[in-house]
Amino acid sequence: MKLNPLNLYRMMTRMRAFEEACLEGVPTFEIHGELHTSIGQEAIGVALAHALTPEDAVVSTHRNHYHALAKGVPPRALLAEIFERETGLCRGRGGHMHPFDPDRHFSATGIVGASLPVALGYAYAFKLRGLPHVAVGICGDGATNHGTFHECLNMAAVWDLPLVCLIENNQYAISVPIGEVTATSTISERAAAYGLAGETVVGTDVEGLTEAFAATVRKTRKGGGPSVIEATCYRFRGHYEGDHDGYRDRSEKKRKRAEMDPISRYRDILIARGEGDAEGLAAIDAEARAEMQAMLAEVRSDPQPDPSGALDHIFLEEAR
Amino acid sequence: MKLNPLNLYRMMTRMRAFEEACLEGVPTFEIHGELHTSIGQEAIGVALAHALTPEDAVVSTHRNHYHALAKGVPPRALLAEIFERETGLCRGRGGHMHPFDPDRHFSATGIVGASLPVALGYAYAFKLRGLPHVAVGICGDGATNHGTFHECLNMAAVWDLPLVCLIENNQYAISVPIGEVTATSTISERAAAYGLAGETVVGTDVEGLTEAFAATVRKTRKGGGPSVIEATCYRFRGHYEGDHDGYRDRSEKKRKRAEMDPISRYRDILIARGEGDAEGLAAIDAEARAEMQAMLAEVRSDPQPDPSGALDHIFLEEAR
Amino acid sequence: MADVNQSMRRINGSQAIAESLMQEMERDERVVLLGEDVGRSGGVFGTTRDLFDRFGPMRVRDTPIAEMSFTGMGVGMAMAGLRPVVEIMFVDFLGVCLEQIYNAMAKIPYMSGGRVPMPMVIKTAGGNIGSAAQHSQCLWATFAHLPGMHVVAPATVRDHKGLMAAAIRSENPVIFIEHKELLLKKSKDFLSGAEVPEGAFVTPIGKANIVRGGSDLTLVTLSAGVEYSLEAAAEVARDGIDVEIIDLRSIVPLDVETVANSVARTGRLLVVDEDYLSFGLSAEIVVRVLERLGPGALRQIQRHAVPDVPIPAALSLEQAIVPGPASIERTLREMAAAS
Amino acid sequence: MADVNQSMRRINGSQAIAESLMQEMERDERVVLLGEDVGRSGGVFGTTRDLFDRFGPMRVRDTPIAEMSFTGMGVGMAMAGLRPVVEIMFVDFLGVCLEQIYNAMAKIPYMSGGRVPMPMVIKTAGGNIGSAAQHSQCLWATFAHLPGMHVVAPATVRDHKGLMAAAIRSENPVIFIEHKELLLKKSKDFLSGAEVPEGAFVTPIGKANIVRGGSDLTLVTLSAGVEYSLEAAAEVARDGIDVEIIDLRSIVPLDVETVANSVARTGRLLVVDEDYLSFGLSAEIVVRVLERLGPGALRQIQRHAVPDVPIPAALSLEQAIVPGPASIERTLREMAAAS
C-alpha cells in the first residue's frame, strides 16, 4: 500500500476540526446529552478509511464521529445529526451517539459492549453470501471487559467469520484506568483464548497503524478468519463534554497530550522528512477548520425537526 | 490428603442412588419441569465434598443435586424439594433447579451463565472480611461461552478474589457438542486470558480429580488467587428427563458409558488393588439404594404445599 | 391470504411452526434461523424440526449459549439485508439479551429516522407448565411496555402457522411468544383452530379473533388462555352464562376496537392473562376500553392474572396462582352472580 | 423517624444521596457500594462523592463495565451477609443485567421459601433530559411488572436522602431510580422538600406524599413529575383550578389508598408519568382505583405519559412527547374545560 503522507495528515486534521465544530454546540445547548469526542485518537480513523471498502461494515461506539467520517458518511449530514436537525443523517432522531448510514454500512451504539454483536451479524451475512467484505466492530478498552467481547470472538473464531475487532485502548473507561480493571497487560493477548493471534500497535503513529490495520483487514478479507487489533492512544478531553475529569492528574494529561498527539507527532515527522513544511501544514489545518466552520454555519440554519413528526418512524410501512 | 477409597466409592453410589430416586418422580408427575441428573458425573461431587469446608460457598447450575449433597445439604430436605413438598428445603417454592441452603452457603440457578457472578459475590465478601473461605462457581462446558465467564474471571483475577471456577465439561450443551461452539480445544486454557493458570483433569477418575481439586482449592484458599479447573466427563442420560437425545449416536453413548462411568471404573480399580471385592462393593450399592428408596417413601407421604400459602415469602418482613 | 381450495389437516402447534419456518425459508433465502439447539436437535419443542437437514448450518445455526451476542448478531444480520429469526429458548431468558432487543432491535428503525428497517423475529416459548420461577412466565407485557416491537402470541394451531409467516414477512421487529402447553398439546385436543392449510398463508398481525360469540360478558385473552377460556365458557354455558371470547393474537398492536365493540354490547369485561397482574396487559385493556367508551362504560371489570408472585415449583401452588379452566370458570360465575 | 431538633439545610439531590450513603455506610459496615465510576470519580452525577476516600476500595468499588456480573456479584454478596448497593449508571442499561435483577435478586427470597433475604439496592439514574433513545427513559414499570422488587423513585431532596436510607435498611431488594434532572437541579430551584435534616433518617417506602392539597382534580405522579406538576398546578390555580398532587414515591408498593381517597373526593384522575404510556404505571393506577371505588367512580380519566416512542435526540421532538410543566398545564386545562 502506498500512503500519501499529506493525505493522511489532512484526514486527521479534518477529523479534529469536525470534532471542534461539535464542541461549539455544547455551551449553546444545541447539542444535548453526553458528547464524546475523539480528539487525540484521529490516527485510528485514518487507518479505517484506508483499509475499508464502501461495502465493508463498521459498527462503532459512543465515540463514533471519526469512524463515521472514515467510513464515508457525509460530514454535512453527520454534523446536522449531531446538532439534532431535521436535515441530519437520521432526521434528528438518532443524535450524536446513534448515527446510522445504511448506504455505507455504518452504525453505532451508545451501549458499551453492544457493537461487536452487531458487527458479528454483518460478518455472518457476508460469509453466508460469499462476499469479500469484512465487518469491523470497535470497542474501547473498557468494552473489552464486557461479556460480549468473549461471546463474539468465540463465535467469530469457531465459525471463521470475517470480523475485525478493533480495540481503541485510550487507557481509561471514563474515570477507571485500564490497569485497575483488566487482568492482562495488553488486551490483544486475550485473542489466544479464541485461537486467534492478536496484535497491539501504537495507535498514535498514523503510518504504522494504517499499515498494520490494512494488513490485518487484508488477512481477514482473504479468508484468514477473525482478527483482533489493539491501538494504544490517549483521550485528550474529558470522557464527555462537561466531565470534571478530576480523576486524571494534570501532569499526566499534559505529558500525554504532548507525547500522544497523532497530528503534532506526524507534523514533526513530515517536516523532519522534508515531506511538508510548517506553513504548508498550517494551511492544511486552516483549510480543514474553514471547511468545518462553513459546514457548521450551514447546519446552524437548518431546521429542528418538526414536533408534529415525533411519532413518525416507530414502525415502518409493511411492504405488501 | 489421605483418601478413604471405600468412602469415595460410597459417596458416588449415594449420589447416583439419589438421582435414581429422583427419576422415579418424573413418570408419576410428582416432579415437573426439566429434571437434570448428574448420572456419570459423580466423581466431581466427591471432589467438592472433600475439598470444601462448611463455610465455603458453592453456586451451582441446573444440574445441581450432587453438588448440594457434596456441600452437606440434608438429602431428605433436598429430595422433598425436588418432589415439590412443603417439607422441602425451600418449602416447595424452589424446586429441583433452585435449591437454596443458606446454612451451608449453597445455591443454584437455572439460568446458564448465572452461577459465576453469584459465586464472585461470595468470594468478594470473604476477602472483604478477611475470611479463609473460597467460593466455587460451577459451569458446564456450554456456560463457559457465556459472557459472564469472561467478566467474572477478569474481576476475580484483577481483585485477587478466592474464586474457584469449576468447569464440568461433559462435552455437550443439550444437543450441541463443545467442538462446534468453542474455539479452543480445552476450556481451561482460556484462563490465560486472565493471567491465570488453568488445569484440565480427567473428571471420571475420582482419586485423581479429588486430589487435583483439593490442591486447587488449597492454593486459592491460601491467597493464591482465583483458579480455573476443568473436569472432563460425559452425561449419561438425556439433557433432561424426556429429552429425545437423538443428537448423540447410540454407539457413542454406549462406548462412553462404558469408558467414562466413574463408579464402575473405580469399582474395577478397587478390586484390582484388592481394596474391595465385588460383593462388598455391591453391598455398598445396595445400601445406598435402600437408603434413598426409604427416603423416597417418606418424602412421598409428605404434604404438598398448601395453596393458601402461594403468596407467602415474596417480600420478607422488615426488621424494624 | 386466500387458503380456499387448500387441503386442510390437523397438525399440532410445534408442527405448525416448523412448517411455517420451512415454507418461509423456501420462499425467501434471506430468512436465517439461529439459536440454541435449533439445528441438529430440531428445537427442544420440535419447532425447528428438519430445517437443519434441509437448509444446512449456515441458515440454521446452532449457537453457543450467548444470547446477548447472537441476538445482536440478528440485529446486524437484519441491517445487512437478511431476515433473521432468533430463537431464545425460553422467554425467561430475555434478561440476558434484553439490551439488544430493546435498545437496538426495537429502536433502530426510529433512531435512524426510518432509514434502517429491522425485519427480525425473536421466537421464544413461555407459559406456565410446572417449570418453576425461572422457566415459566409469559412476560409479553415486559416487551409491550418497551416501544418499537410487535408482540405476538398465537393460540390456535392455525395461527401458529399464519402469524409466524406474518412475523417473518414483516418489515418490523416481532417478538413471537409460543406457549409450551400449546406446543406440546396434541392436535386432537385443541378446542379451536387445529385445522391448518398445507400451503403457506399469512394471518395479519394486529387483528383480534372472536373465537366464541356471546352476549353476557366479554372475556379477553390470548395464547393458552384461549383454550382455557373456551373450556370454562362451555361449562358456564350450561347455566345460561353466554361468554364472548376474544383472542387478541398480539398485544402490540392491540386491537382495542374489537374489544370495545364487544364490551359496548356486554358491559362486562374480564381479562384473563397468564402474565403477571400489575403493570401489564389487563389494566391496559381496561383503560383503553374506557378511553374509547367513556369512564362509566363498564358495569363490571375483572382481572384474572398471576398475582405478582414468582412462579412456585409445586404444582399445588402454581395452580393456585395461574389462570386455568377451573379458576376462569369460578371467576365467570362470580361475575355473573354479582351483577 | 424523628428529625425534630435536627438542623436543616438546603442541599441538592446528589448531595442528599451521597450523604445518605455516607451515613448508612458509617452506621453499618455491611453496606458495600459498587459500580462504574462510583469510586475515584465520585459518580457521574456526584452521588457517591467522597465515599471512596472515606471507606476505601473494598467498600466502594469501581467495577469494569460488566453489569451482568457485578449485579450478580451483588446477589452473592447479599447471600453472604453483606448489604450491597449496586449502581447501574443509567437505567437504560438494565437490559444488560436484567437477568440477575429479576431471576436472581427478585426471586430468591420466594424461591428459597423465605429462607434467603436479599437486602440489596440497585441504584440507577433515569429521566429525560435530552440524551436520546439509549440514555433517557424511566422504565420503572418494567421493574414493577416483575414481582419481587420494591421500586422507588424520589422527588423531593429530602426523600432522596430518606428513601435511600430506607432502601439500604430494607430486608428486600429495592430498585432506586434517581432522576437526572433532579440530581443536577440546584437546591434553590426546588419547589418542594429541599430542606433536609443533617442526621440520618428514614422515609418509609410505600407511603405516598400529598405534596399539594386540592379539591378539583387528583394528579398522581412521581420523580421529576412532581416538580413539573407543581409548576403547572401553580399556573392553573390562578384560574381557579385547584389540583391535588400526590407523589407516589414508590410504585411497588403502590399506595392506592391515598390515591383512592383523593379521587373519591375529586372524581377526576390524571396520571402524569415520564415512563412509556402503555402497559405501565398509568393504567395500573386507574384500574386499582376503579377496583377500590367501583367501575363508575371516575368522572374523568386522563393519562399523560410518553406515547410509546423511543426518546428522540432532538429537543424539539423530546419536548413534544415527554410530560413537562407546559404539557401538564395544557392537560389540566383541557380536563377542567371538559367537565
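As written, the chains take the letters A, B, C and D, and residue 1 is the first residue of each chain.
To be clear about the criterion, contacts are C-beta pairs under 8 Å (C-beta built on N, C-alpha and C of every residue); 3 or more make two chains touch, one makes a residue touch a chain.
Worth saying up front: this structure is predicted, and the values here are computed from it rather than measured.
The chains in contact with chain B and with chain D alike are A, C.
One finds 45 Å separating the Cα centroids of chain A and chain B. Chain C and chain D have Cα centroids lying 32 Å from one another. Averaged C-alpha coordinates give centres for chain A and chain C that are 40 Å from one another.
With centres defined as mean CA coordinates, chain D is found 36 Å away from chain A. For chain B, the set of residues that touch two or more other chains comprises 90, 92-95, 98, 109-111, 145-148, 151, 154-155, 158, 180-182, 314. Across the assembly, chain C contributes 63-64, 66, 68-69, 92-93, 95-96, 99-100, 103, 110-111, 132-134, 147-148, 308-310, 312-313 as residues in contact with two or more other chains. Chain-to-chain contact here is organised exhaustively, every possible pair of chains being in touch. For chain A in complex with chain C, the touching residues are 57, 59, 88-94, 98, 100-102, 105, 107, 109-111, 114, 116-128, 135, 147-148, 151-152, 154-155, 158, 312-319.
On the side of chain A, the complex with chain D involves touching residues 32-34, 81, 84-86, 90, 92-98, 109-113, 142-143, 145-147, 173-176, 180-182, 243-244, 246-247, 304-311, 314. Every residue of chain C that touches chain D in the complex is listed here, in rising order: 68, 92-103, 106-107, 110-111, 132-134, 141-142, 144-148, 251-252, 254, 276, 278-284, 286-288, 290-291, 295-296, 298-301, 303, 308-310, 312-313. Note for the complex: chain C touches chain A at residues 32, 58-59, 63-64, 66, 68-82, 84, 99-100, 103-104, 108-118, 147-148, 150, 170-172.
Considering their complex, residues 36-37, 39-41, 44, 62-66, 68-69, 92-93, 95-96, 129-135, 307-310, 312-317, 319-321 of chain D touch chain A.
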